[in-house]
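The block underneath contains the structure these notes are about, expressed in structure tokens.
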Amino acid sequence: MKAVTWYGKHDVRVEEVPEPEVTEPTDAIVRVTLAAICGSDLHLYHDEIPGMLPGTVLGHEFVGVVESVGPAVRAFKKGDRVVGTFHIACGHCRACRRGDYHQCERGGVLGYGLAFGNLPGAQAELVRIPYADVNLRPIPAGLSDEQAIFAGDILTTAFGAVKNAGLRPGERCAVIGCGPVGIFAIQSAQVFGAAKTLAIDLIEKRLALAERLGAIPIDAGKSNPVSRVMAETGGEGADVVIEAVGGSQTLELAFDLVRGGGRISAVGVSAEETFAFPLMSSFTKAIHFHLGVANIHRDIDATLALVAAGRIDPTVIISHRLPLEEAPKGYRLFAERKATKVVLIAG
Amino acid sequence: MKAVTWYGKHDVRVEEVPEPEVTEPTDAIVRVTLAAICGSDLHLYHDEIPGMLPGTVLGHEFVGVVESVGPAVRAFKKGDRVVGTFHIACGHCRACRRGDYHQCERGGVLGYGLAFGNLPGAQAELVRIPYADVNLRPIPAGLSDEQAIFAGDILTTAFGAVKNAGLRPGERCAVIGCGPVGIFAIQSAQVFGAAKTLAIDLIEKRLALAERLGAIPIDAGKSNPVSRVMAETGGEGADVVIEAVGGSQTLELAFDLVRGGGRISAVGVSAEETFAFPLMSSFTKAIHFHLGVANIHRDIDATLALVAAGRIDPTVIISHRLPLEEAPKGYRLFAERKATKVVLIAG
Amino acid sequence: MKAVTWYGKHDVRVEEVPEPEVTEPTDAIVRVTLAAICGSDLHLYHDEIPGMLPGTVLGHEFVGVVESVGPAVRAFKKGDRVVGTFHIACGHCRACRRGDYHQCERGGVLGYGLAFGNLPGAQAELVRIPYADVNLRPIPAGLSDEQAIFAGDILTTAFGAVKNAGLRPGERCAVIGCGPVGIFAIQSAQVFGAAKTLAIDLIEKRLALAERLGAIPIDAGKSNPVSRVMAETGGEGADVVIEAVGGSQTLELAFDLVRGGGRISAVGVSAEETFAFPLMSSFTKAIHFHLGVANIHRDIDATLALVAAGRIDPTVIISHRLPLEEAPKGYRLFAERKATKVVLIAG
Amino acid sequence: MKAVTWYGKHDVRVEEVPEPEVTEPTDAIVRVTLAAICGSDLHLYHDEIPGMLPGTVLGHEFVGVVESVGPAVRAFKKGDRVVGTFHIACGHCRACRRGDYHQCERGGVLGYGLAFGNLPGAQAELVRIPYADVNLRPIPAGLSDEQAIFAGDILTTAFGAVKNAGLRPGERCAVIGCGPVGIFAIQSAQVFGAAKTLAIDLIEKRLALAERLGAIPIDAGKSNPVSRVMAETGGEGADVVIEAVGGSQTLELAFDLVRGGGRISAVGVSAEETFAFPLMSSFTKAIHFHLGVANIHRDIDATLALVAAGRIDPTVIISHRLPLEEAPKGYRLFAERKATKVVLIAG
């Protein structure tokens, strides 16, 4: 079958690889119809993640049709349309039992190398999904591939960030960064009942999309985002801040934007080891801070239901639709920031 | 001053009464600009509530302008536009300290007779508000009287019902009854992130309004609401049911509509002492049931923020606008179900 | 193998039956070392549950050692000591995915007849456990069979009742009924931080045990429990009431004992179809009411950890230890209320 | 009257100052019977807090008897025994209305200088308490001054830290630092249902007290606390970590001790502006982090109830009881770490 494979820095190829097979009774094989290139795939593209072997099949955002299942799979059968979660969980270790699927003791990430379970990825015609009953979801009737695909990763990441921040109806939410995750955080904030969603970015086009989705756009290049957020919140600051960029600068901004007693939820991936947490000022303000990778399994049923209900439109972020064969071009466009989001049509 | 007074069954008058005065340092006098006739006022109109003395000034839904304040009032001054809470709380008894303002040990309800604190009501030119810092809220800039008034009672009652049911984004909410409280429950369900809101009533016009607000209308006279809700929820039942009518029949329907492990929140006022709680079927289904009067103080800041943000439009329920002098006509129209909601222009 | 089998009203036998075998890849066979007779087994004993076929193997409280596992079982292997959950869940249906294991679409109860999945029970030398990864838990090192067994049913039922009531540190909890579930509710209330636990019963010996476990005993035959609870709560009523008897009388008492804004959690199994829910008085008091079967899987890891830590001692309720062969005697003693709790030594 | 006054670095005196008077209708004057020297008072003693004027009356931990009240005070009258909250809140600003009393817009800290509201302190014979209905609590019958005093500050600070971390029954809690706040965190962890409480310190005597209170002592000078916590938690790490020392070193330890998906709550006051937050490792672990000053008003009723119930014994930390006149000696002993906790007998 055809698959997108990694061979080192900026060297992504499409080549023939052996088809995956059911090797455990809980496995499913899924025929991929649509895969996406995730922001986190760019870290692989730039060769920043240790543990990648040449020839590794890439990709962890996908939808498809079940091709075959092992004898212990109960929830799915050949022909079912499914969306997969980007991280794999076993469903019954200590972490999974407490609902922390993102901390699974036997888990991993599809197409992310040895450090993440050595699982071949989904930018391919077929992909093997371990613990299929746990890691696949049926696509609600009526949803297209493009509507469903992001529930398995960045849509639910953004939704989870807002949920982890405990946003309540009537509150004011600032979102730093209006890339794909930020845009989904804006849509999620509305779903959680935000009275005001304040969208901060430097790029006009992104801010225009944020505004179209109901946010108040704040161009950080043209005005001071702290003053603007204070003005919009009666001088208090935002109840909740979602940091969707990554890195010290935007994290520090988050602490300036949040009100006393407020909550910051950071999902931007950073290449920095540490950041200078504002200890003294936060002590007086009494801040809740959440940082980290999303727990997709916890929230994916909710995001799929919201997309099916028309309350979230995930397709707004797609800028490029390419055949699987053109994946190398897709990676290049995305790395050069010429694409907002690239999806690869596999089937 | 002019005030609407009660003299017995179906005998409501407008007459001159003495102006209220600040009698405690925590009092405020508010010049009422708009008052509403509440569904609960009809119980007085029908003489169903014990403890009413002839001449009692009626009314507990109102907005106005602060006329004067006692020396201990800090949050308000003459000239401030305010909305009042229908129930009065002291703010510092044991119940209030735990946030249960609706259970205040020193509380009462404006214009509801001896059993509820003997507090003159707000369908008048002036009203005295005890513990003004606790029981008034500033009206957010830009909101009209009609937009603000229901936050002090039925809008926040409906919002609180949905909150008490713990509705989470992506869930399915059935609302039984599309009167004023039901309509506000529908709007609240959307704000809490409902993927589907299923509105049940018998009156076409109400269902049309529910549909316009985003709900799926179910005419219980034309189809079986249980089958319809099951069909809309993949055979599971609603995650949350809001009962906004009152009485055994609709309460029993709520238990038929809710899924196993689901939640019912009932705010409809009933004249029945008891109802036959379905013990055996609920045991297997493991149901959460909440019933009761709203805790306005807990949620009013959220509802005002949501109205100010344009996420809830409370004016959709107003059918009649009358001068205060025509209050008797307003009561009659409302009692005869010729009006959905009557507001009285007082200033 | 030997097993306890049902043949009709008051007709429980011990006889040879075929050994169970792994029939699904997710099955485990457990060699039972200790089984218990549950209060709910008495309903079968009295022939009150439809759907029982003569010869059905009884029992759903058990601990044992894994004898064999199907090829898809990952969490357990031959020789592991395990405790089982009384209700069986699949782990991946819609209900299980939202954490409502007690509402599993494919679930059932061991040894409870056709209406509950037709699953042979655990009062036997061997028992087959479907979805073993979901429905078994390892017994923490150092725990005896008697310490572990009730985590799979009545201990976690009681713990869950207190959790469903949302008991918070510093609150006052009344427990109606000091049978096995009530005693565990008392221990759970302490673990959830109750400042006062008020134990209500009619039997002196039970009250003495309640007192030894830290509760304030209230003999409802010698004093008015309502007055006593009011006196112990400064006239407010209990923040939380756990009803652990079943039936109208104690349910009605629960509503009299709870404070305004308080929470009632009922786990007593009732034979009555309905009860007269106090609609009018509850409306003013604004009550949360939870009723129903426990969600063991949600809480069993917590209860096992608390038993392992010595914070809960479940063995206090055991009154009789009999060999499996004497199960008929055990049922008789329990039915005649001569035993508090009977365990059957199977291995 | 006699009062403890500040004159600069290491210069604390006892001198005669004018008696306070009721100046606002919401004020109360309290005759102090017992005051304590708080760890945060040492920052004043070392002249580290800007905004102190010579002659400022110190102290914010106290109990006493109401001497007089303004006309708007409803909850207290002359003769009532009371405990005060260290921070003053108005009860009705936007922050207070949402329950964030520690973020009060009109608030301050008693005896902490111009930056904290310029409020004379409570290490004196009399103290004026603004908004008395909000900032005093009745002492439950039967409690001594020593049992009640810490509910107004460090006991409730520790309790709140555990609550902010969301500790649930059955979880494992590591407490870094066994000074007064750490000891109270250990007692609070038990009340919240911790299955294991792991107490980390370097001082044998403190660890012995921690062990006596039910914790597992870990001497960080004799063994590696990370290995010890991992061994006690099956290699996972603690579900919750309470940091009760302050500063980079112990904060960094907290991140090493916590399990993936776990929660850190830091209440140690630090003199450092920032600390190096472990961004990359926390991202994978998905950590909740809470930092900051306590919200006493939210939790003081719970802590008082728990002390009254005998579930928390706050007197275990008192090492020195001195008359008010010997306050300078008390400050010196505390600063030199010769005292764990000093209380000053004022009446």
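The first chain written gets the first letter, and so on, giving A, B, C and D; residue counts start at 1 in each chain.
In the analysis below, contacts are C-beta pairs under 8 Å (C-beta built on N, C-alpha and C of every residue); 3 or more make two chains touch, one makes a residue touch a chain.
Here the structure is a predicted model, which is why all the values come from computation and not from measurement.
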Interface residue overlap between copies chain C and chain D, same or different (over half shared): same
Between B-D and A-D, the pair joined by more C-beta contacts: A-D
Averaged-CA centre spacing for the pair chain D and chain B, given as whole angstrom: 41
Numbers and ranges of chain C residues touching at least 2 other chains: 94, 98, 301
Chain B residues within the chain C interface of the complex: 94-95, 98, 100, 102-103, 164, 234, 236, 251, 259-261, 269-270, 272-280, 282-295
Chain C residues touching chain D - in the complex, by the definition given at the top: 159, 163, 168-172, 188, 191-193, 195-196, 301-306, 308-309, 311
Residues of chain D defined as touching chain B within the complex: 24-26, 70-72, 74-75, 90-94, 97-99, 106, 133-134, 301
